[in-house]
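Chain IDs A, B, C and D follow the sequence of writing; residue 1 opens each chain.
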Amino acid sequence: MATKKKLNIGMIGRGFMAKAHSNAFRRVGNFFDLAYEPVLKTVCGTNEAGTKAFADSWGYESVATDWRRVVEDKNIDLVEICVPNNLHAEIAIAAAEAGKMIICEKPLARDAAEALTMTEAVEKAGVLNFVSFNYRRIPAVTLAKKLIDEGKLGKIFHYRANFLQDWTISADVPQGGKDTWRLDAKTAGSGVTGDLLAHCIDIALWQNGPITDINAMTETFVKERKSADTGKVEPVKIDDACTFFCRFANGSMGNFESTRYARGHKALFTFEINGEKASIKWDLHDLHRLQYFDHRDEGIVRGWRSIHVSDGDQPYMSHWWVPGLQIGYEHSFVHQVADFLEAAAKGENARPTFRDAYETSRVCDAILKSATDGQWVSL
Amino acid sequence: MATKKKLNIGMIGRGFMAKAHSNAFRRVGNFFDLAYEPVLKTVCGTNEAGTKAFADSWGYESVATDWRRVVEDKNIDLVEICVPNNLHAEIAIAAAEAGKMIICEKPLARDAAEALTMTEAVEKAGVLNFVSFNYRRIPAVTLAKKLIDEGKLGKIFHYRANFLQDWTISADVPQGGKDTWRLDAKTAGSGVTGDLLAHCIDIALWQNGPITDINAMTETFVKERKSADTGKVEPVKIDDACTFFCRFANGSMGNFESTRYARGHKALFTFEINGEKASIKWDLHDLHRLQYFDHRDEGIVRGWRSIHVSDGDQPYMSHWWVPGLQIGYEHSFVHQVADFLEAAAKGENARPTFRDAYETSRVCDAILKSATDGQWVSL
Amino acid sequence: MATKKKLNIGMIGRGFMAKAHSNAFRRVGNFFDLAYEPVLKTVCGTNEAGTKAFADSWGYESVATDWRRVVEDKNIDLVEICVPNNLHAEIAIAAAEAGKMIICEKPLARDAAEALTMTEAVEKAGVLNFVSFNYRRIPAVTLAKKLIDEGKLGKIFHYRANFLQDWTISADVPQGGKDTWRLDAKTAGSGVTGDLLAHCIDIALWQNGPITDINAMTETFVKERKSADTGKVEPVKIDDACTFFCRFANGSMGNFESTRYARGHKALFTFEINGEKASIKWDLHDLHRLQYFDHRDEGIVRGWRSIHVSDGDQPYMSHWWVPGLQIGYEHSFVHQVADFLEAAAKGENARPTFRDAYETSRVCDAILKSATDGQWVSL
Amino acid sequence: MATKKKLNIGMIGRGFMAKAHSNAFRRVGNFFDLAYEPVLKTVCGTNEAGTKAFADSWGYESVATDWRRVVEDKNIDLVEICVPNNLHAEIAIAAAEAGKMIICEKPLARDAAEALTMTEAVEKAGVLNFVSFNYRRIPAVTLAKKLIDEGKLGKIFHYRANFLQDWTISADVPQGGKDTWRLDAKTAGSGVTGDLLAHCIDIALWQNGPITDINAMTETFVKERKSADTGKVEPVKIDDACTFFCRFANGSMGNFESTRYARGHKALFTFEINGEKASIKWDLHDLHRLQYFDHRDEGIVRGWRSIHVSDGDQPYMSHWWVPGLQIGYEHSFVHQVADFLEAAAKGENARPTFRDAYETSRVCDAILKSATDGQWVSL
């Protein structure tokens, strides 16, 4: 086995996403044969004790409490940004200027303007950059993309996606703070639009091409919540729920919805694509399956096929176990790290880049503008 | 057994819906103990031979080729209108003036103005009137309504419905004529909005109350089709697909969609309602099941329940077979006839009446206006 | 329309099955164009008032309280036997001797010896005869048979079926009497074996050919129940549950099970057939769907297809509604009457005949003998 | 964070299971806070280059080609046995005599006699011992056990399980050799009985208690296969398929089946348990869901619940991601390692031990004896 080139990672953040990314780096080498060997060099968090514990648990060699130290560290090759959205831009721009490769959690920024600044920074610096829209790399989702690209669906008429959750129904859930910053507009930028619809949009643009026109509505069901930062009851400024329809450049119609008030759905991310010849459906709650209907099948035995995506000839699955044995959520992060490192070894970007994510941000901005103005917005 | 009062029926039309309604009248007395005994007196169609064959098949005592003869016939108690939409108004108004009870196929009319004229006519005449939005009386759908009315869902946040078909994807399907008049705007009034969304809206208004504001888009994928009437290629003026979102008076958000271009779906009518405490889903393709999620269930065993609606304590089912044995599409017509006759015996209207259907027409008009104008429409 | 030949029916029994059969005769002419027109001539029951009410409800012209009167009636062409199992033989033999066509509810008899006497009687008399194993004519089941006959599955390795119910779990359910005679061995012959497994076996023999060897176990969970006849607590002599495995003549293995103690299953009749090239599954609780897996499908999109059996090119469905709209349990009876009458018009038997049902009875006897003796039984 | 005690692991084998176990040791410390820190010390395989590559990939410190070297190594605390079945006994007994903790892949041995020798060896030596029946620790399966133990099901009537695969249908699949030793009776001991039914039995004994009597049949569909060892066509001596029914000590009936000839099923391991009050179903192909039916639910909303086992209050899930995000097959190995290490830290065995697995072997022997003799076998 050839000696691998070490890639030193500086992780900014130690929350849920930092855990998912650290796990991906720890595991990727066991399952993918890559030129790069990722090394968990430094993890950075504001609470030193908690950061130390995270480092011990995941095997980081050192800890930092100031992200600037990580960005400036000559030994760091790749900066991972896993902190709340309001901190993405400053860190990413500094890391770009320091010449680091960057992987940033989604959404790239709080809005498109912020995203554009970041995109221009990485492009100017010429550094490899990537945004963690991890669901592209669920094998069933990747398979869907492959089927579309092969032309199996023919002309597309409809694209539907939604992302439904139910965790903020109680008015007792606070906003702000460490665990509920996603309800605080200052930190998050928006509510379900940036947090959840951004996933749907990233995949939709990738699978179905550009969106040209959007019409949206949003709702904030719980108007006031206690702030975990100030302790006071304050107006809620994020969108609790958002629905929009749109036109794609390829002539198809889109229908999207997201909410955190859909009782019974923990993280129901689904999409369905109807083409002239075939249709596809997918659902994060059973992420290892793809539903496929092919009109070319013989009429009397035509039906939706439930494809158990666990065979070696299906995307990524040859790296894992044997047919019939499913993988889970976290593997999407392993796959994206594998693809990132494989591209990086060739000096190339894996997708989605910051620019790709900026396009998603533009769509998110258009959604929010349309909802505010009550009219169509063109992109 | 007490002697039943005969109710003489005059059926206008001999197509698919006339078959469904005739079947309902033939069967209802075998399964429901009613004061009225429906008698298939006359069926009316323009083609005499075809109408005669229909009469023989279903046991109608006589045939007519002019609907006015039926409406004017002293022996007819109830006029059934099962002809294309453009003929509803004239027949219904004449039947009302003749003092007949009326059951009209949906949509009531081609637009709300026409529907209002009809509604005023039946109300002025004081005749019993009913519109055949049959899906209300699928037992699982009726059960859903019951659960909502009992308060099991609590405050409603989201109402979603769609009606997806795939039968007009081919550009070779003509418009107009006997079998494809639903593609001809002059006859049908609109496309999927009046034909399919009207079902969704009827049930939504019944389950979730009034809609206050609507925003819609429509699309006509195949722009020209040959006319089965003229033999010439003509512009298609109906909506092939329609998506809209809306606000209900109870504060919930609505998301609706219909199309005839969703490959793989023959007649996928679904609705989902998310409440604070519980959620409900239903799907016409498995019409005998209701999906129910109750957040009050113990956490570790909480999940969507797939309820096989076939027990005697569930709506209508005590009239049929035994638990576990499902009924089908046509039974919804039997149920509505049973309810109509039961109410009629008391001199009352079953629901939905013409006025209820007029409200649905108003929503349909608002949808089409919003789609045309590209902006919100208030009701 | 040619004048149809009337076929006068004498119905023996007025219970659940008499209702299903009467409904079938009433409806078949509306949906199938047949040479025969069935006429509901006489219904026979021991309770005169109840029988009169049944006659009124279903339109029988007259009632009888002694089945011999029906059998001897010159005006009766077809005798329908819808009474408890212990009465089948005497009635059928008398009807055969009187030269009547006979349709007998399943199981044909309480055991094979009794079934053989009946079979020999109808064959000697040369009368048309049929046993109501109605599930053969659920469209999805008929489609399964068609796929097997076309060779789509290739060599068969496994045949599995079960019929699970949960209605006798309570020890308070009595045995004997009008509603629970199925728990009384004297009347029923056996428990789940004759009542439920007989359905599984009928279809298995039809789809997969003869069974050569059987090994079975049975269980009676509730050992004593009150008799609805005597009012006394008496030992339960039927099989509450039965499992068997077997070999088919074609080399495949069979695995069958039935019980009335499977909490959560009302009438879960399922079968699954695994062949070299394809597999099939079906489930009575969703009787309008067939599951089909074809190994010849392209690998990456291979999966179980959920076929919504509602299209005009699928068995029987062209007679009903339109694609996507499901039919139910009772339609299987309409289909078997249609097939019976169509064959009868040619002087032929539809299947299964008494002899076919005798073969099923032989398998049931072998099951019970194997369970008693604790060893394999060859057929 | 307290310093953890290192536990040095010697892995015998470098195949599929060695990969699953190595992954578990690598990951467990990131997700579970344990007193022990597992150290991948040595991996042993007969092919030195391949073993070296495996060691590099997984981070083993050294390699060996003779398992005796590992067993005798003073630095090794725990011996992991991940080699074909015929090698288990000799290695396990030597490891026991050397005082090592042992984790052995399932089945423990080729037959019960061999399993007993191993069990006596570990018990005599007093070493911690464990057999890798990993499916016990799929969270949904563990939850099922918890529900049974809480009494939610009440008295059990039926226990059903099967394990269906389709990978040996082609007669071109060889027997013996590195990849297909599971088809060679000398190496594997038996076919589906030891390989697949052993999983079903392990879980059944754990969930439902002892089996007292068994009746089985087996089949070998492909009678001869080329040997990957000798290159010659030789008789196949394993069971390709096996069905058995049984009685449990608690009075319930069991029905089990396994095959490698069930087209369409890659690894369909399912169980279903029917109790007086509730029932449970599970399926490895959707391993993150548990189906639960509770008869105590209100009648009109009673149905099978599909529980998405991904919440923090469900077994093991608090260690992973957030509700709605599923884990996969491999996590069962992480959980068993966590439980093993937690028990080991207290000097205790986790379950199943060698003795537990010996009980499973006794059942497997009884199955095969019953199939050979064609009669019931008591345990």
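Everything below uses one rule, namely that a contact is a pair of C-beta atoms (placed from the backbone, for glycine too) under 8 Å apart; a residue touches a chain by one contact, two chains touch by 3 or more.
Please read these numbers as outputs of a predicted model, since none were measured by experiment.
In terms of the stated touch criterion, the partners common to chain A and chain C are B, D, listed by label.
Pairs C-D and B-D differ in how many C-beta pairs touch across them, and the larger number is found at C-D.
On a Cα centroid basis, the chain most remote from chain D in this structure is B.
With centres taken as mean Cα positions, chain D sits 36 Å from chain A. With centres set at the average Cα position, the gap from chain C to chain D is 42 Å.
Averaged Cα coordinates give chain B a centre that lies 55 Å from the centre of chain D. Residues of chain A in contact with two or more other chains: 265, 289, 304, 308, 311. The touching residues of chain D, when paired with chain A in their complex, are 1, 16, 20, 22-23, 26-27, 29-30, 52-53, 56-58, 165, 167, 265-268, 284-289, 308, 310-311, 320-331. Per the touch definition, chain A reaches chain B in the complex via residues 157-158, 160, 164, 166, 169, 215, 217, 219, 221, 241, 243-245, 247, 251, 253, 255, 257, 259, 261-265, 274-279, 293, 295, 304, 374-376.
For chain B in complex with chain D, the residues that touch the partner chain are 143, 146-147, 152, 289-290, 292, 294, 297, 299-308, 311, 313-314.
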